[in-house]
Amino acid sequence: MSTAFAIIAGVGPGTGASLARKFALSYPVALLARNPDNYTSLVDEINKSGGKAIGISTDVSSSSSITSAISEIKEKYGDKCAAAVFNASGPFARKSILELTEKEFTGGYEVSCKGAFLFSQQTLPLLVEHTNDAGAKYPGTLIFTGATASVKSNALMSAFSTGKYAMRALSQSIAREFAPKGVHVAHAIIDGVIDIPRTKEWLKDMPPEAKIEADAIAEAYWNLHTQSKRAFTNEIDIRPMLEKW
Amino acid sequence: MSTAFAIIAGVGPGTGASLARKFALSYPVALLARNPDNYTSLVDEINKSGGKAIGISTDVSSSSSITSAISEIKEKYGDKCAAAVFNASGPFARKSILELTEKEFTGGYEVSCKGAFLFSQQTLPLLVEHTNDAGAKYPGTLIFTGATASVKSNALMSAFSTGKYAMRALSQSIAREFAPKGVHVAHAIIDGVIDIPRTKEWLKDMPPEAKIEADAIAEAYWNLHTQSKRAFTNEIDIRPMLEKW
Amino acid sequence: MSTAFAIIAGVGPGTGASLARKFALSYPVALLARNPDNYTSLVDEINKSGGKAIGISTDVSSSSSITSAISEIKEKYGDKCAAAVFNASGPFARKSILELTEKEFTGGYEVSCKGAFLFSQQTLPLLVEHTNDAGAKYPGTLIFTGATASVKSNALMSAFSTGKYAMRALSQSIAREFAPKGVHVAHAIIDGVIDIPRTKEWLKDMPPEAKIEADAIAEAYWNLHTQSKRAFTNEIDIRPMLEKW
Amino acid sequence: MSTAFAIIAGVGPGTGASLARKFALSYPVALLARNPDNYTSLVDEINKSGGKAIGISTDVSSSSSITSAISEIKEKYGDKCAAAVFNASGPFARKSILELTEKEFTGGYEVSCKGAFLFSQQTLPLLVEHTNDAGAKYPGTLIFTGATASVKSNALMSAFSTGKYAMRALSQSIAREFAPKGVHVAHAIIDGVIDIPRTKEWLKDMPPEAKIEADAIAEAYWNLHTQSKRAFTNEIDIRPMLEKW
């Protein structure tokens, strides 16, 4: 019951699945997604291949849903979280300021920032617990998946970018509060199209190097997790070689 | 009925009052604040000294409250807004991530970003109307009051900084969408303590140059408003000479 | 002999001339340019229209040339400088890293940064002198003209951007050192094509609002100069309404 | 003779030595330092422990010195460079703008930026050669060591920060030019005191987590090197958990 585990919030067929597979090589993993279709077969795959995984249907923007998910995880895996990744991102309306409904506008924030806050609040005590464990191999690590819109806010993108800028602020504030406790907090600016089933038709006349490989993002996050307390990276950017930036 | 007017949202005894007095030298002004105590005597003062002012009790984080305020303004002043300043900022909880309630955490966003969105949505059509008016002296101008926390997110400051980062994202997105229509959107990073009644006891062993003078902020905003379409400034910082940064 | 004066380094037919005319409305001005053709008629124009101007042929990247120019100015105008603007910018090679000669690469730095340093070193004591003068209307002000390349470094632009990034670093360091002495240091990011004779053919199918008007830059710099010690702006951006950013 | 190799410029008892040891586990390494004392025993150590190393006395700010070093490396190791790290940094004068000599001021730029340019110009063709080699395991990688002063320019720090800002501009320009050719360019912001013999007395009342471990920097650079073309990180920050930022 006292093994450290990892939590991935926002599991889908892209980055989330790659993160799950990567972290499952070293830890039991708990996979959160609103829709069980997003994790069911993945949980099976990991369990069959010698890893350990559970999936929990969770709405990260709901306090009670997150709280209940974390309770279930603690029951199953204990109270030492080695790594928690917030990878959730809702759909968003790409519209003029004049055409956005209030609900559409706040939708980005609800998931990207309020959800990230609720997730952090529940996981930070478990990350501290792990960090303080003498047997911990790597410091407890909290990683947030950001986007180009975390640092550049284009026309028609306000519903998305306001949530992403706010999430970056959250990440920096938590990083500064929890670094002295040995918890490693990092924010990743994913700048480019990720190569997932949903983006199959995008950039299809370009070579593969025009899109980001989800497994490579998972590799980068793992490398963040294994950093020592004497060399924390708090922000990285990730883009494919053919991205204009 | 067709004179252009200015709207100041977030009027209190500091920057808001200075902005009201400054813009009232050139335009009829509409002053919005939740509490009428914040504008009543100021409205009188402006009306008695030859200007024209109205005050409207408004909760900027409420769509219906903002909509009703703008309706009232349009009835009184017409549909050409020369300048709209979003200067509102709620109180916020300076607390650990672990101690913030959900309501406390989202409170910063509610005012600083959702409020700024609702205000922008209602005022942008009036700003465009003014810009398109052949008689307009200066392009319609929308200004947001940011803070140090708009670009740096310290420990314990997440409730405030997430709202302020998000507001900056909003400002940049609107600036990019509306510049081609001739509307000037600017964001001001107020980096330092403003010298207002509430901060009287702060930094009191320091010379006056340790605090920002509210009238000087109003001056800077006015200078933004008078810029031509061929030289828009989209972001300024403002700090007193003795500020460390 | 004790009147405060202004110095504009980097006078040509664009921004420099506009700055000269604007500041000459309030101060005797000293205009520096490598080539006298760039200031001769302007000096005449200002002197004939009631202002006071001198021009000095100066290579801002040469310590002895700058020193001698400042000596001449002090003899003519005294030792109180109200405003010093560093607007110089050399030609630069837009080339691959692999094709740049060492001289081409360092050329951007020589003018934009080393020149800015030499100019600052000579003018700062005169700016302090002015600031300390009881009769000074506005604090001594040192302004640097930056560019898009001060904050974004594109392919083939390294010779230019390395100099401009370095100049921005210089500006921030001086701002922090001299603000406590009451000197106002500001950096302007000019983001767009300035409408000058040399750029006449650029963007010619676009409306005038696609280019920056030089007079509008001068207006913005003047507004920086007139800020009080209780509200210094250290950085502004300036772009025309039709600029993509 | 066609094995890929790595070059580390700026080898001393700290980061440079850690980088040399780390990259020597996978590649023959060429170590550059002005003073042979900085690499002699390290070269021995690597050669004795089964690796392969050469040291070359080089002044990175001198074109002829860099060119001659690269010629020697090509003769010994061939023309395929897997990784080139620019880790050089000269001593610098921490002084008021008014007290810096021209030579002191430009000293930071000479090493940090001009040196980085000369090094890049010589190594980029070898990095491209490696990237195009069908047998290359990882894309050719060029990494620059930056500092806090690469993004913040404090009072008295101009000689250092102007060079570091300029180096960051160089890194971004090269990254954008060479990413389409498959070369990975990254910039590391080292934000904190590195734990090396020279800093032994610094922060000595603090726990080890107040300083950065040089080996951990080497680990982070290696992780950058092993990234795929579909997930390049162009900038990371590195700080110890007890750093204030």
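Labels A, B, C and D are assigned to the chains in the order they are written; within every chain, residues are numbered from 1.
Quick note on the criterion: contacts are C-beta pairs under 8 Å (C-beta built on N, C-alpha and C of every residue); 3 or more make two chains touch, one makes a residue touch a chain.
If you're wondering where the values come from, they're calculated on a predicted model, not measured in any experiment.
Undergrad: Averaging each chain's C-alpha atoms to get its centre, pick out the one most distant from chain C.
TA: A
Undergrad: Go ahead and note the Å separation of the Cα centroids belonging to chain A and chain D.
TA: Measuring from centre to centre gives 31 Å for this pair.
Undergrad: Just curious, how far off is chain D from chain C if you go by their C-alpha centres, in Å?
TA: Taking the mean C-alpha position of each chain, the two centres sit 34 Å apart.
Undergrad: Averaging only over C-alpha atoms, locate the centres of chain B and chain D and give their separation in whole Å.
TA: Whole-Å distance between the two chain centres: 46.
Undergrad: Where in chain B do residues touch at least two different other chains?
TA: 176
Undergrad: Are the chains arranged, by touching, as a line, ring, star, complete graph, or other?
TA: ring
Undergrad: State the interface residues of chain C toward chain B in the complex, per the touch definition above.
TA: Touching chain B from chain C are residues 139, 176, 179-180, 182, 184, 195, 208-209, 211-213, 216-217, 219-220, 223, 227-243, 245.
Undergrad: Mind listing the chain D positions that touch chain C in their complex?
TA: Touching chain C: residues 63, 96-98, 100, 102, 105-106, 109, 113-114, 117-118, 120-121, 124-125, 149, 152-158, 161-174, 176-178 of chain D.
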